[in-house]
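Two complexes are shown next, each including subunit A; its partner changes from subunit B in the first to subunit C in the second.
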Partner chain A sequence: MGIKKISKDGFSGLIEGLIAETTVIGVQSKGDKFVYDLLGSSANLRLDYDVTILPPKKYFLQPAEILLRFDGEKYEAEFDDEEFVLVGVHPYDMIAINQIDKLYSEDNFDSHYMRRRENATVIACDVARASENVFASSMGTATVSEGFDILLTDIGDFYVAESATDKGEKLLGKAEGVSTAEDEDLKAREKIQEENKKNLNKHKLGCKPSELPGLLEKAYNHPIWEELGKKCFSCGSCNQVCPTCYCFNVQDEVNWDLKSGTRKRVWDGCLLDGFTKVAGGHEFRKSRADRIKHRIYRKGKYVPEKIGGEIACVGCGRCVGACLTDIANPVKIYNRLIEDIGIGK
Partner chain B sequence: MSGRREDRSIYQPELATVRDRKMLNETELYLRLSMDSGVLEYKPGQFVEVSVAGIGEAPISISSSPTADDGFELVIRRVGNVTNAIHKLQTGDKVGIRGPYGKGLYPVDEVKGKDLIFICGGIGLVPQRSFIKYVLANRGEYGQVTIFFGTKTVAQRLFASELSEWDKLEGVEVKETVDKPEEGWGGEVGVITTLIDKIDKDIRDAMIFACGPPVMYKFVLLALEEKKVKAKNIYLNLERKMKCGVGKCGHCQMNNYYVCIDGPVFCYSKLKDIPEAI
Partner chain C sequence: MGKPRVAIFDFACCEGCQLQIVNLEEEILDLTGAFDVVEWREAMSEQSDEYDIAIVEGSITRPEDEERVKNIRRRAKILIALGACATIGGINKLKNNFELGEVKEYVYGKDSEKPHLDTAKTKAVGEVVKVDYKVHGCPIDRDEFTYILRCILLGKEPEIPEWPVCVECKAKGNVCVWEYGQVCLGPITRAGCGARCPSSGFRCYGCRGYIDNPNVEAAKEVIEKYNLDIKDLKAKMKLFGSGYEPTKK
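Up next is the complex of A and B:
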């Protein structure tokens, strides 16, 4: 697949064309923040954004989605087969999606998620502006090399556009204003990416991401978990905004006829009370300290063990801003552990 | 229907028909079911998700042995929404089934020739019964079988006539205890560990299988330690909240293990490295 460049006008035209024929979701401003939403005009697209409130995961694993419909005793699986284009995915969010792709396709193939993933065309873009709490540079997630169909890098009047799939190639083929990316364009892109690898770093992790599982190996009984547990409200916001959280609950809804209805899955969070509670009242992970620990271990050790070592915190910084009591920042936790117990063997 | 995995949902229940039902006591319902399409193939220790449209699903252990050829059996305690709805099912009714799930890690082949001790607390007898019946169907391949069964009250006992049938078999011994005895009770009195404490032979080479409420395990493990049983000879059948059964929803996780896909039966030597397990 190739790397080309496309004029900004050409790209706007491409988006307008897509809006006319399919569902296009893109990053737009909302107050002084940014969100993914249905795009009505290319003029509303804000590829210069810093971070969105919620990650783009919500288009693949929806906050509430129908898994099945039932009528009497008959069940029928429901799949969402609408094609859509998702524009503006930052590298760290792309990497989070790539991770969930693995988790939802391995072992037991989740076709509800995977079909949405197949129906999507993803236009990613390199970060143009660092958000307040991003630490992707620390996590090695400031740039991305796979998962997208097209990756854009803003180099002034043009975007460098790398297509990684047939879908992406075809789409660029339709656009106007596309030309060969010259050496200087590629250099300009490389410069931006190299800078992002250093500068998307508002919180600096004191070790390599690959050293985190080893660090956690030794931190299970550290006092920090109790300290944080005392401050946590158990509100689940840190789960809610996280691009790599993928736990869910399942609920049935019955129609007026009391016969037919839907079985839905809805986002759930391991910080919430009741997440592990069974009939009879026994709760397996009752203390907040244990739940905070679980979140950090899941991101830094358990999920990595399932997906080949990649750390399941991509440094988007959303949880840092979402936590009212300012305890969710993974870097602060890791750095404290490094300080207290060190990373060596 | 095409066979593409993309066209199938791992959350889609298949229909089964209730062939037989009876109440075993006040709260526990016995069901014998058969799948409407084909046979459910399973191993001792596996479970199914039972689905009631409009209410939800509940993970329920398979209580019959795979050696049985007339469907499969479940025993359901009435404790909440889904289990209440399951209790309303009548013979001939349809119910949704997904599974079987879990690895069903009873070491069916590894323990051949060994003495087996089953420690069952209350409804913990239900999953164990699958392996017990499997062992009894292949009697010659296993050593002495001891079954401990403890309930709070006499009224909560399960499969009482089956237990006394088993007790009559050569090389099988059944011992029962209740927390609160009543007139005419001939078994032991006290929690299940009383039965373990009273074992008067060397059980270091026996294989132990335990299933019961979460609080039971700590005490059973202590009692077994007294008897010098090694961790590798002990298997525990764990319960957790489950919302999917297929390793996705996250509810059943204990440290880096998922009880639904890695268990629910675990060797205690493995559980020792899982602080959230017991």
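Up next is the complex of A and C:
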């Protein structure tokens, strides 16, 4: 696939055209923050944003969704078949989506998630402004090379636009103001990406991400988990805003006929009391300390072991800002462990 | 087997939670189709001493109320506490922070010593009799109320959140109101309301009561972080979170 450049007016025109024919979700301002929301006009699109309150995950794994309907005798799965375009996905969030794609297509193929994923056209964009807590540079997620249909990089009057799929290629083909990306444009893009690889780093991890599973191997009985547990509300805010958290709960809701109803799934979170409650009322991670430890192990060891080594924290920094008691920052936790027990064997 | 007989009773409260049942509008036909409502002062004139399910709204604030609710409990197979006054004592428990004489004089003035104005410390229904199901909130959430009723009909344990309001608030993509200087009780209050107040720009008032295992120490830490006074937190916790004994200063 090719790399082109598109004028900003050309891109606005492309978005207006898309809004007229399909559902377009884009990053917009909400007070002094940013959110993904239904886009009504290309003028509202803010590709200069720093970070969104919630990651774009919510369009693939919705906070609450109906999986199937039953009538007492048979059931039928319910799917969202609406095509949509998602505009403005930052590299770290794209990498998080790529990870969930893997997790939800292996083992049990999650048809609800994957259907939405197939229905989506993703226009990603390089970060133009570092957020307060981003540490993507530390996690190797400041730039992205796959998963998107188009990747934009703002180089002033133009975007460099890389299409990675037929869908992306076709979309760019419809736009006006598209021209060949010259050497200088590619160099401008490279400069921005190289800078992001260094500068999206408000919290600096004291080791390579690949060393985290080994570090955690030795940290199971470290006192930090109890220390953090004392300050934890178990509010799950760190889970809710995380682009790589993908746990859910399934509930049946039965109508007044006591036969028909819906099976729903809703976001769940490993920090919540009751997350590990099983039949008979047993709960195997009852203490806050155990639940905090599980979150960090999940991101730094268990999921990486499942998906080929990639760390399941992409350094978006949302949990750092969402945690009222300031204990969720993974870098702070990892660095403390490095200091206390070292990364060597 | 006939339809389960339901009776709805009220104690000290504003009756707003019963009003939420009335406000079910067309769904009320589903309710009366599934249950035989035999007593409900707010909506009908019939009365009955025979029922299977008692729905009790309000808190218990007088000695004679204790007897009345015990009598209801004896007759009912299932007792449901309806709304914050019934589930946690609610706003009525503010009274417990003062001397009873002082409270009576404040409210009734020169008549405060008249015998029919006798009063006692406020109790939640569960502090007097066994409660089988709680419908939290001030007022209750109608959907949650009908969900619990359907669970009872199905013989299924309703899933009531054990986690705080922050879960629902974050899922809605709200900006945390603590960032705007509000002392929000969301982190220690039971979810299930859909984070209604913080989603409308207000703080959480705590009307669904505390979660099973609230971390009050962490709450104190947040007060320090935002340079607020611990008194602000305590004052706000008193509204729905007062106990049987006066809240410590």
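Methods note: the second predicted complex is superposed on the first by the 339 of 345 C-alpha atoms of A that agree within 3 Å, B and C clash if a C-alpha of one lies under 4 Å from a C-alpha of the other, contacts with A are read in each partner's own complex, and residues count from 1 in each chain.
The rule we apply is simple: a residue touches a chain if its C-beta (ideal position, glycine included) is under 8 Å from a C-beta of that chain, and two chains touch if they have at least 3 such contacts.
Quantities reported herein were computed from a predicted structural model and do not represent experimental measurements.
> If you tally the residues of subunit A touched by each partner, is the higher count for subunit B or for subunit C?
For subunit A, the partner with the higher number of touched residues is B.
> One more residue to check, A:F233. First (subunit B), second (subunit C), both or neither?
second
> Scan A:G31 for contacts with subunit B and subunit C and give back first, second, both or neither.
second
> One more residue to check, A:R46. First (subunit B), second (subunit C), both or neither?
neither
> Report for A:L67: first if it touches subunit B alone, second if subunit C alone, otherwise both or neither.
first
> Would you sort A:R288 into first (subunit B), second (subunit C), both or neither based on which partner it touches?
A:R288 sits against subunit C, while subunit B stays out of touch.
> Would you check which partner chain A:H112 touches, where first means subunit B only, second means subunit C only, and both and neither mean what they say?
First partner only, subunit B.
> Once the shared chain is lined up, is A:K167 touching subunit B (first), subunit C (second), both, or neither of them?
neither
> Touch test for A:W256: subunit B only (first), subunit C only (second), both, or neither?
A:W256: touches subunit C, not subunit B.
> Considering each complex separately, which residues of subunit A are in contact with subunit B in the first and with subunit C in the second?
On subunit A, the overlap between the subunit B and subunit C contacts is residues 251, 254, 258.
> Which residues, counting only subunit C, touch subunit A once they are in their complex?
Contacts found on subunit C: 27, 30-31, 33-34, 146-147, 150, 153-154, 159, 162-164, 166-167, 170-176, 178, 186-188, 211-215, 217-219, 221-222, 225.
> Under the touch definition given earlier, write down the residues of subunit A that touch subunit C in their complex.
30-31, 33, 35, 53-54, 58, 63-64, 230-237, 240-241, 251, 253-256, 258, 267, 269, 272-274, 288, 322, 324-326
> Report the residues of subunit B in contact with subunit A in the complex, numbered from low to high.
Listed in rising order, the residues of subunit B that touch subunit A are 5-13, 15, 51, 53-57, 79-80, 83, 94-96, 213-214, 239-241, 243-244, 246-251, 253-256, 261, 275-276.
> For the complex, give me every residue of subunit A touching subunit B.
67-68, 70, 72-77, 79, 103-104, 107-112, 114-115, 118, 220, 246-252, 254, 258-259, 261, 263, 265, 268, 270, 275-280, 282, 284-285, 290, 294, 297-298, 301-302, 305
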